[in-house]
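Shared between the two complexes below is chain A, which has chain B as its partner in the first and chain C in the second.
Then we have the complex of A and B:
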C-alpha cells in the first residue's frame, strides 16, 4: 500500500505541473499586463511601474517567467503580492489557509456525520414520513443557490438583531478575539456550506444504502439470527460507505480549496477570497499559489479516497 | 407416528402492489396462498414447481425472512409465526437456509471466517472457539481451514455454495431449507454439492426442505415431494409414488418435460406441452388454478376449488379429475378429444 501511495504521488506530479502551466498561461494571457492596472493609478510614479516589471520579469517571454516562477515555488518561495504591499505570498497563503480550515473542518465533520446518519435513517425507513420529509429537504438544499441561502441567513440574523436585539452571530468577516466570537463568526458560513453539501450526499448515501438493503447477503445476515443493529452497522453500512467515502474526500478537497462564493458572501478571508481578489487585482503570484494548492489538494484527496477503498473493500487490491 | 419436526398450516404470503403518487395499494401478489405441509425428522421433502410458483417465498416465510400474511408454522410443536424477534433469533440456530445464488448471498466485504463464525459469535461463542469450529466446518464442506482468511470473490461458484452450507451448518441446526442450492452451479459441481448435502444429512441427522425446479435433482435427494403451482401445493407423495403414479395433470406435464438421455426414446416420446403462460399470481384463476392450462379441464374446474385429498396412503392431490394410476395424460387427452369429436 505504501508503494502504491508513493507511485500515485509520483504520478500526480505531472498532473500538478500541467495544472500550473495552464493556470499560469491563462492568467497571464487573459488578464493581460499587470502594468495596465497602473494606468488608473494616480499616485503611482515611474518607480512603481519599474518595480512591477522587475517583480514579474515582464521583460522576459512568458515561458521563461513560468520556469522562474516554478523554480521559486520548488524552493518554497511563493512570490510577492503586488496588491498587498509586497507582502510575501507564503505569509498570506498560510493565514488564508488557516481561515479556510476554520470553515472547512467543522463543515466537513458536520456534513459527514449528518449525511451518514440521514442516509441510514432514510434507507431503513424508506417511504416513511421522515424519509419523504428529508428528501424534500435534500431537494431544497440541492436547488438553493449558495449565495442566496447565505444572504437569507444573513437577512434573518440581521432581522433578529433589529427586532429583538439578539446578537448571536456575525454576518460578515472573521472575528477570532476569543472562542465565543469565533463560533459566532463561523456559524453562518458553516451552515451555508453544510446545507449545500449534505443535501447531495444524503441523496447519494440513501441510494447506496437502499441498494445494499435489498441485496441477498443482507437476507443471509438476517438468517444468521443477527440483531437488526448488527445487520445495519456491520453488514449494510460498511458496504454503503464506499461510494460515500469518495464523495466525502472530493467534497473536503473542494471545501479546502475555498468555497469562493460562500467566502465572498460572508467576507471571509479564506483561500477562495484570496483567489478571487488575486484575479481581480491581476496579482499573479497570489493566483498561482492558490491554483497550485488547489490542484495538490485535489490529487491528494483523490489518492486518500483510493487508499480508503482498499481498506474498506477487500476486492480492491492496491498494488 | 412421530410428531413432525416442522409443520406448515395454511400458510399465506401476500405482497402488496403499490402504485401512484401516494403509493396506494392497488393489488396483491398471492405468492404463497394456503400451503400445508409436514416434514418429519431426518426427512428430505422436495418442493418443485415452475419459476414464480412461490417455492422460494414459501421457504423464506417458514423462516420468517418474509412475514406471513396468515397461517402458522410449527417447529417441534411451537408456533413460530408470532414468536418475538428475540425468540426468532434463537430459533435461527435451529432453522437454517442455504440460498440460491452463491454470488449474491455472501457479503463481499467480510472474510470467510467472518461469514461462517458470525452466527457463532452472536450466539455467545468466544472468538477462539468459534474460529476453531469454523476451520472444522470448512473441512466438513471440503474446503481448507486456511481458506478462512480469504474473501468471497476469491472462490468459485461451487466453493461459495459450500461456504454458504458451512455457514448454515455452523450452529448445528435441525432443519435446513435449501433454496435451489445447486441451480446456480454447473452440472459437474451440482453433483458434488448434492453428495455433500447427503453426507452431511447422514452425519448430523438433518432435516431438509429442498426447493428446486430440476426434477432429476429432486428425485435423487428427496424422500417425499410436493409439487407447487401458483402458490398452492398441487400434489404431494412419496418420491417413487409421485414419479411412477402421478395423479395431477400438472405433475404429468412436468414429468413429461424431463428429457430422456436416449435419442431414439427422446424422439418417440409423447410430450405434454402446456399451452399459454402461467397466470399472474396477482389475479389467479377461479376454481382450480391450473384449469386455464389443463388439457383435461372440465366446467367443474372453473367453479369449485379442488380439495387436497388423499387418493392413496400418503399421496395427496388437489384435482377434481386425478389421472388414474398407470394411465398417461396423453391417453386421457386423446380420449377426451375423441369424446368431444
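Then we have the complex of A and C:
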C-alpha cells in the first residue's frame, strides 16, 4: 500500500511538471506580451516597460524563464503580480484560495450527503415517481451550463428582492462582516456548485446502488430474515459508500476548478476570478500559480481516490 | 421462436426440414435491426431525437422567415421585452433577439458538429492505432491521454482560449484539440478487448492483413460506442463553447453564439431577465436532447451497459 502510494506520487511528479511546462509555454505564447497592457496606460513611461521586462526576464528565451520560474516555485515563491501593483502572488494566492474554499467546502459536504441519500433512495424505490423525478432532475442538471443556472438563481433572487423587498441573499461578491452576511453571500454560489455536482453523482450513485441491491449478499441478508432497515443501513449503505467516496474525492478537485464559472457569475474573489483576471491582464505569474495549483490538486485527489478505493474495498488490488 | 407444434410435425414427416428446427426458419435479425428496435422503444431517446431535429430545422429555416437581420441595429426599438413584432424582444442596440438567437444557435450547433466530428475521428484513429499495435505507440498515446486527464480541463482551456478563441471555427478546433482524448480512450479500450477475441485470431490465422482486420473485423464492432461518444461529445462541446463565450474567451462579437447572447445580456439581468432565459434555455434544451439521444443510443447499441436505467 505504502509502496504503491509512493510510486504513484513519484509518477505524478513528471505529469505535474509536464503540465506546468505546457501551461507555461501556453501562457507566454498564447497570452501574448504583458507589455501590451501598458498601451492603454497614459501615465506610464519607458521605465514601466523596462520593469516588466525585468520582472518576467523577457529578454531571455522562454525555456530559461521556465527554469527560473520553476526554481522560484520549488522554493515557495510564486512570483510577482504586475497587474496588482507588484504584489507577491503568494499573498494573493492564499487569500483567494481561502475564498474558493469558502464555496467549495460547504458545497462538497452538501453534495456528499445529498448524493448518498438520493442514490440510495432512488435504488430502493426504483421506477417510483420519486425515482423518475430525480432522474429527470439529474438529466437537467447535467444539461444546464453552470453559468446559466447561476444566472437563473440570481435573476430569481433579484426579482424577489425588487418585488417583495426580500433581501436574504447577496447576488454579487463576498460579504464577510459577520457570519450572517457570509452565509447570505455564499448561499447562491454554493447552490450552483451543488446542483451541477449532485446531478452527475446521483446518476452514478444510483447505477452502482442498483448493482449492489441486486447482488447475492443482499439476497443472503434478506434470506437470513434481517429487517429491511438492517439490510439497507448495514449491508447496502456501507457498500454503496465505496464507489461514492472515490467519486467524492475526484469531485472535490473538480469543484475547485469548476468554481471558475461560478465565481465569475457571482463576482466571487476566489481562485477562478484570479485566473480570469490574470488571463485578461496578461499577468503571467498569476495565471501560472492558479493553473499549477489546480493541476496539483487534480493529480493529488485522483491519487487519493485510487488509494481510498484500495483501502475500502479489499477486492481491489493496487499494484 | 419455435412454435409448439414443431416436434409433432417432426414425428409425422420423417424428413426434417432443417429450416424448421429450433427456430432456424426465421432469418436471424441483424444487429442493426435489433438495435433499431431497442432504440425505437426508448421513448426518451425518441423524444430527444425529435426535439433535436425540430431545433435544427428551426435554426436552419427560421431566419429565412424573420423580417429582421440579426445584426441590424434600430435605435427606436432598444431594450424591448417580448412583443408581437419581436417575439424574443430586442437588445440594447435594438437588434431583434429572435433573429439573433437563431443565428447564434446555428453557430453553436455548427461548433458542436465540427467538434464531434473532428474529435471523434482523431480519437478513433489514435485510439485504434494505440489499441491495436500496442507496444511503444500505445505507451505514447496512453501517456498523452493520462496527461490530458490529469490536468483540469477548464483552466487550461481558458489559457489557450485567449489566443485561439475568437471565431467559431477556431473555437471548434480548440475544443477538438482537448476533447479527442475521450473518444481515444473508449476506442483504445475496445480495441484492446477485441483484438484478443477468437474471431479476430481466426481472421489473423486465415492470413488477413492488419488493415483488413481493423477495418473489417474490429472497427465495425466498435462503431456503437464511437457513435455514442460522438453524440455525447456534441453536447459537451455546446456546454464548453457557451461557457467560454460567456466568460469572454470563446466566440466574440461580431460573431455570435448562444453563449455570447447570454454574455451580452448579463448586464440586463434586473430589467430584462428574458434576454438571459431565452438563449440559456435554448442551450439547455439542445444539450438535453443530445444527452437523451446519446443515452438511447448507448442502450440500443450496447445492451450490456445500461447506465441510465
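As a working rule, the second predicted complex is superposed on the first by the 313 of 319 C-alpha atoms of A that agree within 3 Å, B and C clash if a C-alpha of one lies under 4 Å from a C-alpha of the other, contacts with A are read in each partner's own complex, and residues count from 1 in each chain.
The working rule: a contact is a pair of C-beta atoms (placed from the backbone, for glycine too) under 8 Å apart; a residue touches a chain by one contact, two chains touch by 3 or more.
Please read all numbers here as calculations on a predicted model, not as lab measurements.
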So, does A:295 touch the first partner chain B, the second partner chain C, both, or neither? second
By the touch definition at the top of the document, which applies to A:224: first (chain B), second (chain C), both, or neither? first
With both complexes superposed on chain A, which partner does A:239 reach: first (chain B), second (chain C), both or neither? first
On chain A, which partner touches more residues: chain B or chain C? C
After superposition on the shared chain, which partner residues are touched by A:114: those of chain B (first), chain C (second), both, or neither? neither
If we overlay the two complexes on their shared chain A, which of chain B and chain C does A:264 touch? Say first, second, both or neither. second
Who does A:146 touch here: chain B (first), chain C (second), both, or neither? second
Parts of chain C lying in touch with chain A, wherever the complex brings them together: 146-147, 150-156, 158-160, 162-164, 235, 239, 242-243, 246-249, 259, 262, 266, 269-270, 273, 276-277, 280, 283-284, 287-288, 290-292, 307-308
Show me the residue ranges of chain A that touch chain C in the complex, using the header's touch definition. 12, 15-16, 18-19, 22-23, 26-27, 29-32, 135, 139-140, 142-148, 151-152, 154-155, 158-159, 162, 203, 207, 253-254, 256-258, 260-261, 264, 275-276, 279-280, 287, 290-291, 294-295, 297-299, 302
So, in the complex, the side of chain B touching chain A is made of residues 23, 60, 63, 65, 85, 88-93, 96-97, 99, 101, 104-111, 118-119, 122-123, 151, 153, 164, 167, 171
In their shared complex, at which residues does chain A touch chain B? 127, 215-217, 219-228, 230, 235, 238-239, 312-315
